[in-house]
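Below you'll find a set of structures to go through.
Each of the next two complexes has chain A plus one other chain: chain B in the first, chain C in the second.
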Partner chain A sequence: MKGLLKSLVSGYLALVLVFLYLPIAVMMVMAFNQSPLYRLPVVWDTVWFEELAGNERLLGASLNSVVLALINAVIATALGTMAALAFARYQFRGKTLLQILLFPPITIPWLIIGTSMLILFFWTGIGRGLHAMLLGHVALSLPYVIVVVGARLKSFGVTLEEAAATLGASPWQVFWRVSAPVMGPGIVAAALFAFAVSFDQFVISYFLAPPGISTLPVEIYSAIRKGFTPEINAISTIIILVSMGLMLLFARFSRFGGER
Partner chain B sequence: MRIEQRRRFAILGLTAPTYLWLALTIFLPLSVMLYFSFLTVAPIGNREPALTFAQYGAFLDKEFYRFLTWRSVMMGVHVTLGCVLIGYPAALILAHHVPNRWREALFLLIVLPFWSNALVRIFSWTMVLRENGLIDRGLQAIFPDAPSVGILFTYPAIIVGLVHSYLPYMILTCYISLQAIDRSLIEAARSLGASNLAIFRRVLLPLSLPGLLAGMVLVFVPVIGSFMEPRILGGLEGVTLGTVIEDQFTAVFNWPLGAALSFILLAIVLTILAAAYPLLRRNLQPF
Partner chain C sequence: MSIVEVDKVSKHYGTVAALENVSLSFADGEFFGLLGPSGSGKTTLLRSIAGFVEPDQGDIRIDGAPVRDTPVHRRDIGMVFQNYALFPHLSVFDNVAFGLSVRGAPRREIAAQVAAMLDLVRLGGLQERRPRELSGGQQQRVALARALITRPRVLLLDEPLGALDKRLRQEMQIELKQIQREVGITTVFVTHDQEEALTLSDRIAIFNEGRVVQVGQPNEVYERPATAFAAAFLGDANFFTGRAGSPNGTGSLGAGAPRRVLLADGDAILTTSPLPADGEPVRLAVRPEKFEIYRSGAGPAAGDAMNRLSGRVLQAIYSGSSITYKVDVRGQEVTVFEQNRSAQPFPPGEAVDLVWAPRHSVPVEP
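For the complex of A and B:
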């Protein structure tokens, strides 16, 4: 009886994992399938990776995505860490309100955020383009950064900083010599998170992309609507391997996932 | 006095950049969008707009928009149910039936798919679900005469794709609240003679309810605003409130109508969030 329950339980988890990984496996296999119409059975070939190397549109969009995600990570991490410091180290009126104001970027559907940004930016002349996308991506990343860094700050009290201040360190020295090193892992995790938020962001970029400028997700969407080419599978395969690497790095720096 | 002043400067200096940024990118755009939803035409170029309730009137007059809103809400309900039915048991098993040394690896495996591009994952489903696709091939390999079960471009295909996209959220929130439950509670219940079912009903479920509810909100809210998944997987069946809003901004260029429809969607979302807020707040307190 106990054995039966055990195998049922592991069988169920295995099924869930198969469901989660099925489309990813299909994508990877099709990246190596010679047929552009995704015919089965698979004829193994690396032709789509070669095509990808010559596809400047797709590579350009990928480069845009990487640059955007990097700048986003730097700005969102810097601003978010500052706000997290204020929340962790000071009690002040309106703090709860400020924290509640972090919910809209996460909880309002991106469709609404994206279209409203399009209206404002177009109307005021800020315009569309990579700069507009950056404005949007940072807004979406900020709440995550504040939560991740805030959790880390909570895990060590103000005692260390107070001790340093008592011993004569200036606020600047306290920050660089005490706070920053202790916050380090949280900051790295937050930056990786912000990078991922931006790199995978489609909806906001889609509404803020002018003709001729796109990021990888926007390019993929237009490719799907026009007729998907397997080069997209090829680049997605490369990207998923890179993101899995990043994810493992992230797991090392942040302890989510329960007790150890 | 000087210390108090410095404190104020520090708080202001540390928080102002974040909130100015959010004001410019979230709160100001939403206000402007609200304004646009009451206009006859978008005030761009030389057009003269006038104030009107016509955009909201169109929603009330036309059966079509109400039908689409209903469909989007039902889509949210179905996807949320699917995620609960698949995700909660998975989280329960992960938290209480998997040996410690496997748990972390399995947990990583479940959240990893999150980190691949959502569009590509959705597109992959078209290769799996279409006629003569992977599922058909697999069935025919076992039963040579099996009829085609290709469900691409139907409503169920949208649900499959969306459940797949949002399942990790549900597993994550349920798992976090389930693994926080003190084991000694379960052992105490068992030693007092509670059956497995009783333990689940009286201990595990009530204590993990906040996580379950948070997961439901995190799934429901983005799903009713989704447009990319219904478009790719739903074909003609895939017209939802989300795709109609997208069209107003990218194809039809009727921004005031798009703005009004967006605010109707937002009103639905806010109603749900307001109802769930007390629970969410208790649950999401990492600050």
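For the complex of A and C:
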């Protein structure tokens, strides 16, 4: 009976892994297949990566994406950390309301948020462009940063800072010698999160991108509409490897120093 | 070292009074316990001395100088927190060195002082460990060493032994007291553990609802509780209510002789403590271990020297070295704590007499 249950559980786990990773594996294999029509058996070749290297549209979009995600990570992490500190350390009017208001942006469909941003930006004259995308991405990634940093802050509380103060540390010394090193892993994790939110973002970028400027997800979308080329497989493979690397970093940092 | 004065300090949170006109004075080198139930204001007072709480009214002075405008990091205090608050990202050495390091002390001096301090708390050899690699008792000692290394004017302890198990707590109590004596630092500590307060303190203040109920040496406070709350919070107490009576009619009484408190049904209890005027209501407290328990009619006779009340055993709780009786005395349940000297405890239902000396009947404010 126990053996049966165990094999059922193992089978289930195998199925989940297959459904999650088979499409990705197929895509990565096809990125190295010479045939544009996915003919089997696979003829290993890096032709699509070479093609990609000459595809300025796709590379330009990738650069836009990376730069946007980096700037977004810096701004969202700075603002979000300050907000998380305020939530964790201070009492102020409307705190609970603000905390509740953090979560709807996570649950409201991006399509709706994107539409509303487009309307607002058009109406206020902000218009479209990378600056508008950045605004949208920062707004979108802030709640994630606040939640991640907030969780870290909660785990060590205010007494470490109080202890440092009783030992003669000025507020500035308290921040650099205690708060920052202890919060550090949480902040790094939040920054990676913010980077990923921006890098993955399609809907808002699509709505706010003016003609001629696009990000990688938007470019992939238009490329697929025009006719699929295996270059997409190649760039996707690169993205998958990069994001898995980021995720491993995230896992490492969110645990690092988490023990007390 | 230093003298700390708390002068008419009040602190309100909304309509709740955390501290209400509290005045206390801690002598140089004194080990002073703040004892009370949670929410009684003892922690608020400790945090006010540290500088985390700003009193609404009143002053706190260290060596005569008010500290109201001195921020925490300039108050020159040491504090041990309930959960130690060791820095998780620093080694034991760096934790202990922190106070010297933020003051910019030279490295060689830091190393020497940390080593000496770790010796004092018997933690030599653990310098490179992280706090999470230490046992609870070791963490406690690191916290103490860290607080003492700057030679602060006052040491504040917030439930310092609360997170340890009972045996370790008793060991650490002795050690803590030794270290405090050795360093000779004025120490204020907060606890809700009455035994800990009695063991460690030179003096105790009992808190209730933001006020100081009583201040005194442990034995004073225990033997002569001022209020019913102090009597019941610090140890157990039985209460008898009656009215102050005239000196008993045997004619043998001079000044300082016991006076009587008349109970409702004609019985009387003698006390050597001052009483209000005749006829005024009086509440007497008697500690459970002050009674002697005898089979009905046995033992010393009642008279000027002894109180004697009859009762019936309701329950006898045997715990090896001692026996706790619940005795029905005139419809009131009285707790009696008896060293286990007799071979056979009194069974429930047995008629017994409780006998005790008049000096153990202590009038308390209700």
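Some notes on this structure:
The working rule: the second predicted complex is superposed on the first by the 246 of 260 C-alpha atoms of A that agree within 3 Å, B and C clash if a C-alpha of one lies under 4 Å from a C-alpha of the other, contacts with A are read in each partner's own complex, and residues count from 1 in each chain.
The rule is simple: a contact is a pair of C-beta atoms (placed from the backbone, for glycine too) under 8 Å apart; a residue touches a chain by one contact, two chains touch by 3 or more.
Treat the numbers as computed from the prediction; the structure is a model and nothing was measured.
Using the contact criterion defined above for the overlaid structures, shared-chain residue A:182 touches chain C, although it does not reach chain B. In the superposed model, B is the one of chain B and chain C that contacts more residues of chain A.
After overlaying the two complexes on the shared chain, residue contacts for A:67 are found with neither chain B nor chain C. Residue contacts after overlaying the shared chain place A:17 against chain B, while chain C stays out of touching range.
Look at A:53: by the touch rule set out above, it reaches neither chain B nor chain C.
By the document's definition of touching, neither partner reaches A:42: not chain B, not chain C.
Chain A residues in contact with chain B (one complex) as well as with chain C (other complex) are 257, 259-260. By the touch rule above, chain A contacts chain B in their complex via residues 6, 9, 12-13, 16-17, 19-24, 26-27, 30, 38, 40, 79-80, 82-83, 85-87, 90, 92, 98-99, 101-105, 107-113, 115-123, 135-136, 138-139, 142, 146-147, 150-151, 154, 196, 200, 202-203, 207, 216-217, 220-221, 224-225, 228, 232-233, 236, 239-240, 243-244, 246-248, 251, 257-260.
If you check the complex, the residues on chain C that touch chain A are 50-52, 71-79, 81, 83, 85-89, 98-99, 102-103, 131-132, 146-147, 150, 156. Those residues of chain B that touch chain A in the complex are listed here as 7, 10-11, 13-15, 17-19, 21-22, 24-30, 32-33, 36, 42-44, 86, 89-90, 93-95, 97-98, 103-104, 106-113, 115-125, 127-128, 134, 137, 164, 167-168, 175-176, 179, 217, 221-222, 224-228, 231-232, 242, 245-246, 249-250, 255, 258-259, 262, 265-266, 269, 273, 286-287. Chain contact summary for the complex, chain A toward chain C: residues 156, 159-160, 162-171, 173-174, 177-178, 181-182, 257, 259-260.
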